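The next block holds one structure in the form of C-alpha cells; read it before the comments.
Labels run A, B, C and D following the written order; every chain starts at residue 1.
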Amino acid sequence: MRIAAGVDVGSTQTKAVIMSDNGGVKIAARALVDTGANVQRAAERAFDACCREAGVHGGDVAFVVGTGYGRYKIAFGNAQMTEITCHAKGAAFLCPGTRTVIDMGGQDSKAISVGPNGEVVDFVMNDKCAAGTGRFLSNSAEVMGISLDEVGPLSLKAQHPVKIATVCTVFVESDILSYLAQGKTGEDILGGVHNAIAKRTLSLARRLNIEPEITMTGGVARNIGMVRALEAVIGRKMLVSPDAQFIGAVGAALFALEKLDQSFESGIWRGEHAVPGGH
Amino acid sequence: MNDKKEYRGSIHQQQKDLMLAWYDQLDQAATTGNPPTVSMMISGNCVELLEGFEAVPIYPEVNALQLAIRHQSLDPILAAEELGYAADNCAYVKADIGCILKKITPTGGKLPTPTLILCNFVGCNTYLKWFEHLAKLQQAPLYVIDVPFMRADEPSRSDIEYVVKQLQETVNKLEQLTGRKFDYDRFRQAVACSSRTEELWSQIKHLARRSPSPFDAYFDAITLMGPLYVYRARPEGVEFFEAALAELQAKADARKGVYEQEQFRLVMEGPPPYPYFRTFRDMFAKWQACAVASTYSTVGGLWEFGFRHDPSNPFESVAMHMIAQNVTNRNFLQRYEQIRRYVEEWNADGVIIHFVKSCRLFSAGQGDMREYFTKQLGVPTLYIESDLEDPRYFAEAQTKNRIDAFFEALEHSKAAASIRS
Amino acid sequence: MPFLAGIDCGTSFTKAVVLSEDHGQPRVVGKGRTRSGVRVDEAASAALAQALEHAGLDRRQVEYVATTGFGRYSVSFRDIQVTEITSAARGAHFAIPQTSAILDIGGQCTRAIGITDTGRVKVFKSNDKCAAGSGMFIQRAAKYLEVRLEDVGELSLRATHPQPISSVCAVLAESDIINHVSAGITVQDILRGIHESLADRAGALLKRVEMKSELTLIGGVARQAGIARALEDRLKIKVNIPEDCDFICALGAALLGLQRLTANDQSRKRL
Amino acid sequence: MVFERTFDNCSALRFPSVQEWKQAHPGRKVIAYFPVYAPVELIHAAGMLPVGLSGAGDRLDIQHADARFGSFICSIVKTTLEMGLAGHLEPFDGFLFSTICDSARNLCFVMKRNFPQMYVDFLHLPHNPSSSAAAQFLAEEYRRILTELERLGGKVSDDALRRSIALYNRNRALIRELYQLRSRSPQQVPTSELYQLIRVGNFLPVEGHTAQLEAALVDFQSRNGKLRDSIRIVVEGSFCEQPPLPLIRLVEDAGCYIVDDDFMIGQSWFESDVPIEGYPLLALAKSYLDRSVYSSVRHDFRKPRWDGLVDKVRRNRADAVLFLIAKFCEPAYFDYVPYKQELERAGIPHLQLEFEEKSFTFDRLRTEIETFVESLVFD
C-alpha cells in the first residue's frame, strides 16, 4: 500500500491530508492548523498532526506535494504545485463529475474549468480591487460583532437585503456602518453582503464556460448562506464536499500518489520547479 | 538555474552605447542650445521629419521607463501626486512630470527644454494631456498633429490629406522656431534610411518564427526598440540593425534558443511591468517560456506585416505610418487580429495579456480580448494585472501564482496531447 | 457663565464634553464616553449624562449642544451639527495651538487636514477611493503576525532591516507579508516596513494639505500601533498626540457651539 | 413636477420612452450616442431618434461587463456594455461613439464585436483646431457618418439638416437661458430639478423636449423662494458619467447653490447658435472648432481649458469650485491639476470629490461637502 501526503499552506490556515492507495485511493487522515507567522512550522505541525491521525511515521509517507501561498516553505516537500491545479484535481476526486470549481479564498477568488481527469482547462481569478472575498465576509462579521459561523445562517433570514456597491474588502465596512446607522437589520445587511459577493463571483465565473457539475471549494463553502446565494444567482445547485476546505491538500496528495505510480507520464514532473524546495 | 539565465549578446552593449550617445546629444543641446530638440511620443513618431532640421527627438516615455527599470520611478511619481495627480493617472506622465520638477534624468546628464513640444496624437488621449501639461510646465511651444483614428480597415483619402497638411504646418512651425530651412533632400534620405531599418527589424522579428526562437520578442525586443525610435532614420540605425540581424541569424542557424529547451511559445499583449522587469522575466524563464511575438514591440511601428516608409512619397508615407502602421492608432479589433496572426504564423502555445492600470489605451477592454481568444478561438490565455511604471501595483505573490498555474495547465495539456498522438 | 456640550457620535464610541467659559476662557468641566450601538440618540444622552455627572451639573444647565461625527444628525436635542473634520480642526487647535495639520488614521480612511492659525479647516484630503495606507492594513498585519496592536510600535522599533511593502492594497499587502514571512524575515522588520509605508502614504496626503510646522495625530489605530515615531523619522516633523485624544472632536464641536452661542448673544444684545 | 415623472420614465432600463417612440413611428431608426459632443443634428435629419446614453445609474447589477473591462475602468463604460449584454439596448439600431477618452473608444470596438448586427461607428473629432485643414476634415467626417446613416434611413437633404440645426439651436438657446436664470437667482432654479429637466432631453425627441424647456422656463421664472445663506459654486468634471441625483441634492442640502456646471454637456455644447446658412456640415464642423464649450475631453491648445474655468467662476460670481469627478475618469483627473493651479493663483477655493453613478451610501461625501461649506462659512 502506497501512502502520500498533500500540504496546503494558505494565508490563514494550513491543511494536510494523507492518502493511501490500496487498490482504491482514499483519505487516511486530515489535519488543520492556523498558519500564523511561521509558515514552515505550520506546515510541519499540520503534517505531523496528520501522521499521528493516520497512525504512520513521517518516513512512511513516500511523497509530499505542497501547495498554497506558502508551498515553497515546506522543507520536507518533494514538489510544489499551485492551489489552482490542486483544487481542480481534488474537486474532481471528491465530487466526481466536477467541470467547474468555484473557490473563495482569503486572498483570491478563483473559478476553474476542469477536464474529465481533473486537469485545469482554463481558470480566472479576481480583479485587483476585488481581492479577498474571504476577508470581505470576515470583515463584515467583525464590524457587526458576530462570529464568522453565524454570518451565513443570519444572511438567510434577510427580508430586504441592502445593496452594496463597493467591491473593496476594506470599504465594505463603511457601507455596513452607514446601513447600521440607517437602522437596517443585521440580517438584511448580511443578506446584501452575500448577494454582492455571489454576483461578483458569478461575473468572475462567467469568464469561463460554466458547465455542471459546479463544485464549491475552500472554507467559505461551509457558509451555507454563501452557497445558497451563489446557487440563486447561478440558477442551479452546487456540489459541496464535507472536505471542501481540504480540497487543495487532497489534490496535492493525489498528485503525490500519481508520482509514485510509475506509469504516470504527465509533463508536470519535468522542469526544475518540481525538485525539493525548487523555486 | 534556468530562471537566472538571460539572453546577452554583443548588440546589447552596442545598444547601450547608442542610447548614451543620444543622451549626450540631449545634454549638449541643454548646455549649448544646439542641436534643436523636439519632444515626441514613441507611438507613430515622425522622427524622419526631424532629420530635415537635423533636430534630435526627446522621448519622455523612454526616460520614464529607464527610470522604472532602475527602480527609481516612485519618487518622481509621488512628487507629481503632490501636485494633485491622481493615483489612477498614467504613471508614465507622473514620473516624467516628477522628473522635471525634481530635475532628475535617467543618465544624470542634463535634458533640454524642447525647441518644440510636438504631440503626435495617435490614439492615446493621455498624450494630449501629457504634452499640454509639459508645455504649461516648461513654458515651451506646443503643436499637436491630430492623427485620425483607424475607425475603418484602411485610412481614407481625407485622413491622409489632413495629416500631410499638418506635417507641412509642423515644418513651417519648426522653420520659425529653429530659424533653419527645412532640408527636403535630407528628409527624403531619412525616409529611405527608415525603410531599410524597418526591413532589417522586420526580418529579425520573423526569426522568432523559428523554433527555438533565437531571441525573446518581448523582453529582448524592448532592448532593440530604443535604437529603432531614436536612430531609425539615420545610418547608425541601419548599421545597428544589420549587426543585430547578423548576430541573431547566426544564433538561429545554430538552432540556439533563448533557453536550453524552449518549452513554451507565447504572444505577449500589453507593456511590461518595468519596475519588476527582471522579476517578471524570471517568472517566464523558470518555465523556459519564450515570447515569439508581442504587440508592445509594435507601438512605434508595425512593420512585420510589410509596411515600409517610401522615399518616393515621403510625406504621405510618414502620414501612413502615423495613421495606420502603429498599434496605438489601430482599433481594438485590429489588435485582436494582429495577435491572432501572431498565434498562427508564429506558432504560439498561448497568449499572455498584461493589464497595466496606467494605460487605458492598451488595457481597457482586455477582458473582452481574453473572451475572444479563449471562447471564440480556444487559445489558452492568461490575464494578469499590474503597472508599467508604478511599483505599487505589482503584487508579486499573486502574479507568480497565476503564471505558475497557467503553465502547469499548459504543460498538462501538452503532455496529454503528446500521449494522444 | 454658560455651559455647553459637544457630542461626537462616532461609529464605535460616543463621546461627550461639557465646556464652561469664564472670562472668555473655555474650560472642559466634564467628559463622558459610551458605546454607540445602534440608537445614536440614546448613546448621545448617555454620554452627555456621564459628562454632566462628572462635572456635577444638571442637564438643564446646558445651554447649547453641538454634535459631530458619523451620527451627528441623529441627535434630536442638538442645536447645531458640524462634521468631524471641522470639529477635529477646532479641537486640535485648542489642545495644541501650534498645530498646522492633523492626521487621522482611521480604520478605512486616512485623512489629512490643513488648518489655519485660527483652527479653521483650510484644506483636507482623504484616501476616499482606495483604502491603501489605512489602519485596516496594520490591524490585519498585527492579526496575521500574531502580535497585539499595542505591541506593534515597540516591536517595529527593534527592526534591523526594514522590509518595504510593495503593494498599496490593504488586502493584497497581506500576501506581501506572507511572502516576507515565508522568506524568513523577522516580524520586527516586517512591522517596521509596514510603519514606513504607512508613514510615506500619510506623508503624501500631508503634502497635499501644505503642512507647515507641527502635526497632530488623532484616530485610534495609528496611536495604538505607535506609528507616531515612524512619522517623525520619515517626515522629519514634530508629531503631537493630544492627551485624551478621543475627545478632540467632541471638544471642537463644543468650541464651535460656543462661537455660535456668543455670536447669537451679541446679535440678541444688538436688538 | 411633470418632468420628474418623465425623468423616472426615461431613466428606467429598457428605455420605455424610446420604445413608445418606435411604436409611434414604425420603421424609423434609433441611434444611441455617448452624450458628449455628438452631432445629433445628423441623426435627427436622417429621420432617426438620437438617444444619449448616460449609464444605468444604480438600476443595474454588473454581471458581464466587468469581465470585459476590468479594474480601474469607469462605471459608464461598464454599465453601457452591461446594458447591451443584458439586452436593454434592443430598442437601438446603432451606436455612435466619439473621441472622448481611451476607454470609451475601446468600448466602441468591443460593442462592434459583441453586437455585429448593429451599426456601430466612431467619430473622430479633431484635436488640432489650429490646422487650416481641420474644418474640412471634420466636415468630411460628418459626411462619412451621414452616408452611413443614409444607408439605414434614406437620403438626407441639406435643408433637412438646416431644419434640424435650427431645432437644436432653439433647444440649446433655452438651456442657456435656464442656466442664466439659475445663475441670477438660484433659489428659483434648484439644480436637482434643472438637471432632470435637461437630462430627459437625452431620450425625448428634440421638439417635445424644447416644449418642456419652454414650460419649465415660465414655471421657474414665476417662482419666488427666499435666498438662503448658501455659497455659490461651479461644478466641474461631470461632463461624461453623471453623478447620482441624490448626490446633486446632497450638495444643495449641504448649503451650496450650483450656479454653473458641466452636467449633460452634450445637450448644451455650443456657446452660440450654429449658422444655418451655407453648407450645413461645414457649419457644424466650424462650430465644433470655434463655438463649442470647453471640457476635459475637447482639446484646443489655442485656448487652455483652465482659463475657461476661471472665466466661468468669475462670470457666475461663484465663491468656489466643486470638482465632481467620476471614479477612474482619467481626463478629469488630469485636468484637475492645471485647474487647481489656476484656481489657486486666482484665490478661488475648491474641493475635489469622486463619485460613481452607482452608489447607495453617501455619508463620506456628505461629510466632506459639509466640511467644505463649514470651512467657508465659519471663520
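Rule of thumb we're sticking to: a residue touches a chain if its C-beta (ideal position, glycine included) is under 8 Å from a C-beta of that chain, and two chains touch if they have at least 3 such contacts.
This structure is a prediction, so every number in the text was calculated from the model and none was measured.
K.L.:
State which chains count as neighbours of subunit A and simultaneously of subunit B.
P.N.:
C, D
K.L.:
Most C-beta contact pairs, which chains?
P.N.:
Counting C-beta pairs in contact per chain pair, the top pair is B-D.
K.L.:
What whole-number Å value describes the gap between the mean CA coordinates of subunit C and subunit D?
P.N.:
40
K.L.:
Centroid from C-alpha atoms only, then distance subunit B to subunit C, rounded to Å. What do you get?
P.N.:
48
K.L.:
What parts of subunit C, by residue number, touch at least two of the other chains?
P.N.:
70, 109, 129-130, 169, 172, 175, 178-179
K.L.:
Touching two or more other chains, which residues of subunit A qualify?
P.N.:
69, 107, 127-129, 131, 174, 177, 181, 207
K.L.:
Which residue numbers or ranges of subunit B touch two or more of the other chains?
P.N.:
Within subunit B, the residues that touch at least two other chains are 84, 357, 367, 371, 383, 385, 393, 395, 397-398.
K.L.:
Examine which chains touch each other and state the graph shape they make (line, ring, star, complete, other).
P.N.:
Contact map by chain: complete.
K.L.:
In the complex formed with subunit D, which residues of subunit B make contact?
P.N.:
83-86, 88-90, 93, 121, 123-126, 128-129, 132-133, 135-136, 142-146, 148-149, 151, 156, 158-159, 161-162, 165-166, 169, 331-333, 336, 355, 357, 359-361, 363-368, 371-372, 383, 385
K.L.:
What residues on subunit D touch subunit B, complex-wise?
P.N.:
Touching subunit B from subunit D are residues 66-73, 77, 99, 101-103, 105-110, 112-114, 121-122, 124, 126-128, 130-134, 136-137, 140-141, 144, 297, 299, 301, 304, 328, 330-331, 333-338, 340-341, 352.
K.L.:
Note which residues of subunit C are touching subunit A in the complex, please.
P.N.:
So the residues of subunit C touching subunit A come out as 11, 38, 40, 70-71, 74, 107-109, 130-131, 134, 136, 140, 144-146, 169-172, 174-175, 178-179, 181-182, 187.
K.L.:
Any idea which subunit A residues touch subunit D in the complex?
P.N.:
Spelled out, the residues of subunit A in touch with subunit D are 127-130, 162-165, 174-175, 177-179, 181, 199, 202-204, 206-207.
K.L.:
Can you list the subunit D residues touching subunit C in their complex?
P.N.:
Touching subunit C from subunit D are residues 327, 353-354, 363-364, 367-368, 370-371, 374-375, 378-379.
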